[in-house]
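I'd like to ask you about the structure that follows.
As written, the chains take the letters A, B, C, D and E, and residue 1 is the first residue of each chain.
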Amino acid sequence: MCQIRLENIQKRFGDNPILADIDLTVEAGEFCVFIGPSGCGKSTLLRLIAGLDDASAGDIHIDGARVNDLAPAKRDVAMVFQSYALYPHMTVYDNMAFGLRHLKLGHDEIDRRVRAAAESLHLAPLLERKPGALSGGQRQRVAIGRAIVRQPKVFLFDEPLSNLDASLRVKTRVEIARLHRALGRASMIYVTHDQVEAMTLADKIVLLKPLAGQDGVPSIAQVGHPLELYHNPRNRFVAGFIGSPSMNFIDAALLNANAEGLVCSAGGISLPAAADATGLASASTVTLGIRPEHIVVGSGPLKGRVSHLEHLGEHSYAYLETALGTTPLVAKLSESSAQIGDTLTFSLPAPRLHVFDGAGDALPRLQRHDATPAALATH
Amino acid sequence: MTSQTLTSAAPARPSTAESSLQRSRQRMAWLLVAPALVVLLAIAGLPLARTLWLSLTDAQLSDLSTRQFVGLANYIGDAGVLADPEWWGAVKNTLWFSLLSVSLETVLGLAVALMLNHPSRLKTLLRAAVLVPWAIPTVVSAKMWTWMLHDQFGVINAMLLALGLIHQPLAWTADPDLAFTTIVLVDVWKTTPFMALLILAALQMVPSDCYEAAKVDGVPKWSVFLNITLPLITPAVLVAMIFRTLDALRVFDLIYVMTSNSRTTKSMSVYVREQLIDFQLAGYGSAAATLLFLMIALITVSYMALARRRMEGH
Amino acid sequence: ATLKISCGAVGQELELCKQSVAEWARKTGNEVQVVATPNDSNERLALYQQILGSGSDKIDVMQIDVVWPGILASHLADLKPLAGGAEKAHFAGIVANNTVGGRLVAMPWFTDAGLLYYRKDLLAKYKLAPPKTWEELATAAKKVQDGERAAGNDKMWGYVWQGRAYEGLSCDALEWIVSYQGGSVIDSASGKPSINNPGAVKALETAASWIGGITPKAVLNYGEEEARGVFQAGNAVFMRNWPYAWALSQKADSAVKDKVGVMALPKGGTNGRNAATLGGWQLAVSKYSKNQKLAAELVMYLTSSEVQKQRAIQGAYNPTIGALYSDKEVLQANPFMGNLYTTFTSAIARPSSVSGNRYNQVSNQFWNATHDVLSGKSDAKSALTALNASLKRLAPAGFVAAK
Amino acid sequence: MKRIEFTDVLYWLAVPPVLGFALFPFVYAIASSFKQGNALFSSDFWPKTWSLANYAGVFAEQPFGQNLLNSVLVAGGVVALSLTVSLLAAYALGRVSFRGRGVLMMTILGVSMFPQVAILSGLFELISALGLYDSLWALVLSDLIFTLPFTVWVLVTFMRELPKELEEAALMDGAGVLTVIFRIFLPLLWPAVAATSLLAFIAAWNEFLFALTFTLSGEQRTVPVAIALISGASSYELPWGNIMAASVIVTLPLIALVLIFQRHIVSGLTAGAVKG
Amino acid sequence: MCQIRLENIQKRFGDNPILADIDLTVEAGEFCVFIGPSGCGKSTLLRLIAGLDDASAGDIHIDGARVNDLAPAKRDVAMVFQSYALYPHMTVYDNMAFGLRHLKLGHDEIDRRVRAAAESLHLAPLLERKPGALSGGQRQRVAIGRAIVRQPKVFLFDEPLSNLDASLRVKTRVEIARLHRALGRASMIYVTHDQVEAMTLADKIVLLKPLAGQDGVPSIAQVGHPLELYHNPRNRFVAGFIGSPSMNFIDAALLNANAEGLVCSAGGISLPAAADATGLASASTVTLGIRPEHIVVGSGPLKGRVSHLEHLGEHSYAYLETALGTTPLVAKLSESSAQIGDTLTFSLPAPRLHVFDGAGDALPRLQRHDATPAALATH
């Protein structure tokens, strides 16, 4: 049992509101990933849960008990700090063993745990070094190691893999997932900027939004299963944030709408989309969104000139200048034979189009793009 | 306004997380300060209170039991400390002394600290050597300087004469024009190591990656010093200066040994001791001590206010 | 019973004290601990005051300076009933000095007086007689000084003494003033300040005139040792100092060994008088001692003729018992004691008994005024006028009455 | 191989005068301590004949060895006590914000704003009342009056500079406050701790007034008092040679101490701790 | 002119060799990316170039002049430290402006540059803050800003985007590329763990290899154009390192080889591959490699059971248990309808297979997978 419940959390630094109206439940054993633009308050939220900062308002419950007044040590939480916060005067071994010494574990048990963690984090040869003599990625791994040896009720990981190379990152990610499973009902809150990580690890993604405008809207933009956020973003912010390269947006005007879908026009071209715009007035402004990977290149009614190409080995991204708007559309080409300057034909499949109203809220999509893997499989 | 008062008096959630976690941390803070406070109050509280009380009486050291309460007469009366021109002479001397010696010590201490911080094989020895003046008991070193500065058989005069820098031996400690300077110089000699060592410690705590960043940025050394080192060690320098100022304002041994009770160089502490011990005027002397305390407190507080303003304004 | 005595610090003084004390302890079967106290007399006084002021019985017998009886009297036991008249054998001046308010608070132990040391060889070389007056001294000093400097010793000075702002200056100044018939600062009969008089002015003017001429300017910060250093290195013709300098000047490595003469300080002009300030140490018993009687017995023993003689022979401590100045053994060890007998008997006490526990204030003002005159910050006339006034302020009703 | 830099030149230009100025009097003291009698009154720097008599004298005339030991005990005790107590206080004052902090800081500082002589008699009574008169404890306690404010203030200043994440990491690791202070912060504060303890040690070592007033027997005295007690044959004579010898003797342990402790004044203790 | 030439650079910490035999030329104006496993010495190499550390041996030339003995300040380089190394007591503005104050620039020019950089890094509202009051990503951006305002001859960027969210990362990346172009001939050395970044930005990739074995091999595993490393990895290490998820490796035995290709067998299945194994003895052990994105799923002679699935929105990765070996093969499915437990048919196209000999060196591929975009286009 280590459900984490946040109720109406507010946090301000001086006069700056950073977090507002956060209501969130992380179930026992759940793997919850926080994502959001830099500076939106992810680390701050972790610190509130850990008890390192006080919320300006609101309650934090762990295991059903209100812990607002509980010291960090009493919350049985382990945290990987974004800045590592290693003990500079202790060896790697001692950095990891330090927390264990307070748990009244036997000497052997401590040693076993530390060595196991070091092994899985590829730190074994470095156990006697001090942090000052480690590379950035090695330091980060020590920080991870220090958290995982504790085996607490709640893990808080703040961008724990950001300085690791791709292959180590995958291995560590798998290790963390394994550990999470092994510990059974430990809850995990994990901050990352790597969407692959977020998508593959998360049971639930929480997308936070910066409160720059301080407009009284809550901090959480959307909570849900990763694919839910990918397929059914609730608004333009979520749609634009999830996916890389991000969704193309096209300003358009609504021509007509009915139960089967809508038609709108952009740059004089009319585009059908499978969304329910019946609530909107005709001619109202909407924004169309389509992900680069959903643009079908090679045939179709639309034309675009390749202004820039990014090659990524397996595939590439073409920047297409079209009549639809001023910003080029990014389209994914698998092993493109395109060259800069070429004109490509393409289409924007209606079921793939997202439509947002003037306020940026998504219109209901008419074809389900379901979120759960099970649903996906039947798709 | 009423509603506001109401809400702040009875907030919706009576114990917000903030206050409670914070409060337990504050409780712990008090617990941690307690030993220091208890020790200080126990050993210093009583004597200080006694001094304050005595300063309001006409007590004599030879017979404290017959003292009478005289109010502020020791301070402001016709025969009060504040009416004594000698007190004001001592105040002037002390202030000048503190100002000169502390500023010289700070500058020199900084320079010596930088020198000690320079990587070199001599580092260890230099550190020990530089600390020697601080290590010699004041009474001894004051006497030693008196001896060395002696006009007849002092080595200083002998050397200066030999070097042709002076033509006649100087009466360093006797000549009213020279005595004050001499005392300042000896004090600087003695306490520069104090400054230097503390500043050295502060220098060592400056994060090294800042220096690397500045190096790559092509920042010249003087600018690194002015804009990185100095601001980062300022708090430590300020504390060192506070303690030096405190000591300088209470300077006693040095002046007492080197020039005795001469009015030219008499400091407030010498005055206090004279009244309190030599003249046995426990009441009057305590009043002088209290005035000295008040003056130091005033200077310290305004100094810190100034320092804070400077640091924040920066 | 166990007694604690403070006498001297270390060195010969302490050794002698220990020796006599042990002797007494052996004889009487008591135990005596000798406590070392600081050599600096100011520090020693402060320590006594601290201990006595708190009514502590940590010390039973203490050695006190000739000017302290007035200051410490209230803490000291009256020895008169216990002395059984033994005090009558001692110099009357000192006994009077030690009697405060009719109580004999200390027994004289050894005495000191200011003396004039001179270079026999140099005076002979320049065919000069030892000076009788300050004026003669100045002339002689000048002559020798100039002659020696011309002969190559450019460090040579005529006359060195104690000019630093401390008790020693009060002693020197008192000698000058008394020698010019200027009184002893406070009139002991009336208790009124008597310092503002032409004799005193003349005395200070004379002294001030030496500075830079026959006396180095640095004398303004000289104590006993600085003066002795200069003299003993052979760089001064005359020196004012205490008797202790004699033995040292006769040491093997002394530059002036066998070249030194000692005499009484000169007169102030032809109708002046010789004057030497009284110094020396007494033994007193703390009022808070648990064994006052026994302590008094120890004091009596230590100040007895027998012990004083021993100390005079072994350590050149000047006895306070007149008879000992004609004792052969004593004179053999200290040839000058015979000649200077009158100097010791007629030594001038500082105004310490009359000013009582304000003596330090009096002395402080006195030496400060003198120092101002010597350093040229003030002229003698106005300095003494001011001094007189401020002494009056100190005791508007006169000093005896104030006590 | 590297070019000679301007600062190096400056350094080597500065070393000799600084060394000269700092050490000259001490070297003079050493030279004087080997002089005898009248040689002390000559302006020659080095003695013509070297003599160990002054050193022998220092030890012969008083329990100087015992005095040295007392000084070590007192100064060591004072430093140990004030460091322990002030580390605790410095943590609270430097890293927790609570109301009254400024006042506390000023109160602690205020204690050392009175001239020593002014609190002497009060302290004397206190010490007597506690029955500590003429014991080393009296000195340890009274010396705290000036060392404690100093160590507290310096440590507060340095403790403030340490990254807060370190403390937080330790808290997350379940460390108590004491662990944070002594296991995490103390090792990182070594430069400050070494410097302050050296300074405080020397201050306590050289303290004179309290040591003179609160002890009486030769066996309980500390070296500065012992030096003041050295006297010549008569009360006017200043046994300069002995005093110089004693001063040299008391300074040597301090130099050794500096040599040992200065190693802890090293930089880069926090390297690798936090990023940012 | 700001070519950087490293000649035979060695670096050891104590007895540990970290870098060995580095010979590398970064041409003026080139964008060179260092990648490699965590702890392999990337930061160390940057520090050598910056002049913060001394090489144990070898020469560093910048602009044709040997700079080994030149102070960092004289080398005209700007560096983003992996640990940021911000000045804690200065505001964001001053952190950026500090280095400029010594360039004899006018006050206005400094202000202009700082504000421009702050604008492009989205730091404008934070200019008056001190680093302590910034989030991790914000601090990192300040570090970037401090480097770019300098406009030096050489840029050294040590994982400058690791703490930024995807969209900001893309924007900043574009900004850096733009700056690089704008400055014309400034050389750029850039450390990253993000392969997309490496692929899209680099003119040249340098892959470093950790010297854990200290076997006397040089530190540089391969240097080349990004696609060169992707398509023609020189050895197994490079093949495995480039690409995420990484290449599948299958142990196999060589059956026969001729000029048209080779055939080998793994788990009893014979697999043709388009590589030149004529130099190898028959029956020698080889390793086959194929990237997840090159496995053709849906048809083919091979069968695999889906043991695990990773959904990434746009596509997913299936872990296939096959008869080819014990480790599952990872295959990329575009919008898979597969479910765990399904059996999928797939093929391993011969031109897509990489073949490595017993020592791990790649055998020459018979079909060119060219590296340059031009070549790609004609492909």
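Everything below uses one rule, namely that a residue touches a chain if its C-beta (ideal position, glycine included) is under 8 Å from a C-beta of that chain, and two chains touch if they have at least 3 such contacts.
Small disclaimer: the values here were computed from a predicted structure and weren't measured.
J.: Which is the least count of steps on a path of touching chains running from subunit C to subunit D?
T.: Contact-graph shortest path, subunit C to subunit D, evaluates to 1.
J.: Any chance you could name the chains that touch subunit A and subunit C both?
T.: A chain counts here if it touches both subunit A and subunit C, which gives B, D.
J.: Where centres are the averaged C-alpha coordinates, which chain has the largest centre distance to subunit E?
T.: The most distant chain relative to subunit E turns out to be C.
J.: Measuring between Cα centroids, what's the chain most distant from subunit A?
T.: Looking at centroid distances, C is the chain farthest away.
J.: Counting C-beta pairs in contact, pick out the pair of chains that comes out on top.
T.: The chain pair with the largest number of C-beta contacts is B-D.
J.: Taking each chain's centre as the mean of its CA atoms, how far is subunit A from subunit D in angstrom?
T.: Chain centres of subunit A and subunit D, defined by C-alpha means, are spaced 57 Å apart.
J.: Quick check: how many Å separate the C-alpha centres of subunit B and subunit D?
T.: Between these chains, centre-to-centre, one finds 16 Å.
J.: How big is the gap, in whole Å, between where the Cα atoms of subunit A centre and where those of subunit E centre?
T.: Once rounded, the distance between the two centres reads 23 Å.
J.: Going by the contact rule already set, what residues in subunit C reach two or more other chains?
T.: Where subunit C meets two or more other chains at a single residue, that happens at 46, 53, 229-230, 233.
J.: Touching at least two other chains at once: which residues of subunit D meet that condition?
T.: In subunit D, residues 40-42, 120-121, 125, 228, 240, 268-271, 275-276 touch at least two other chains, as defined above.
J.: Note the residues in subunit B that touch 2 or more other chains, in rising order.
T.: Touching at least two other chains: 61, 152-153, 207, 209, 232, 277.
J.: Provide the full list of chain pairs in touch.
T.: A-B, A-D, A-E, B-C, B-D, B-E, C-D, D-E
J.: Contact residues on subunit D for subunit C in the complex?
T.: Going through subunit D, the ones touching subunit C are 36-42, 61-62, 120-121, 124-125, 128, 133-134, 212-213, 216-218, 221, 225, 228-240.
J.: Which subunit B residues qualify as touching subunit C in the complex?
T.: Those residues of subunit B that touch subunit C are 60-64, 146, 150-153, 169, 171-176, 179, 258-264, 274, 277-280.
J.: Can you name the residues of subunit D that touch subunit B in the complex?
T.: Residues 6-8, 11, 14-15, 18-19, 21-23, 25-26, 28-29, 32, 40-43, 45, 81, 85-86, 88-89, 91-93, 96, 98-99, 104, 106-123, 125-126, 141-142, 144-145, 148-150, 152-154, 157-158, 160-161, 177, 191-192, 194-196, 198-199, 202, 205-206, 208, 223-224, 227-228, 240, 243-244, 247, 250-251, 254-255, 258-259, 262-263, 265-271.
J.: Going by the contact rule at the top, pick out the subunit A residues touching subunit D in the complex.
T.: 47, 50, 52, 71-73, 77-79, 81-89, 98-99, 102-103, 130-134, 136, 139, 146, 150
J.: Give every residue of subunit A touching subunit E within the complex, in rising order.
T.: It is residues 13, 35-39, 41-44, 82-83, 125, 133-138, 141, 158-159, 162-170, 193-196, 199-200, 212, 226-227, 230-231, 240-246, 291, 293, 309-315, 335-339, 373-374, 376-379 of subunit A that touch subunit E.
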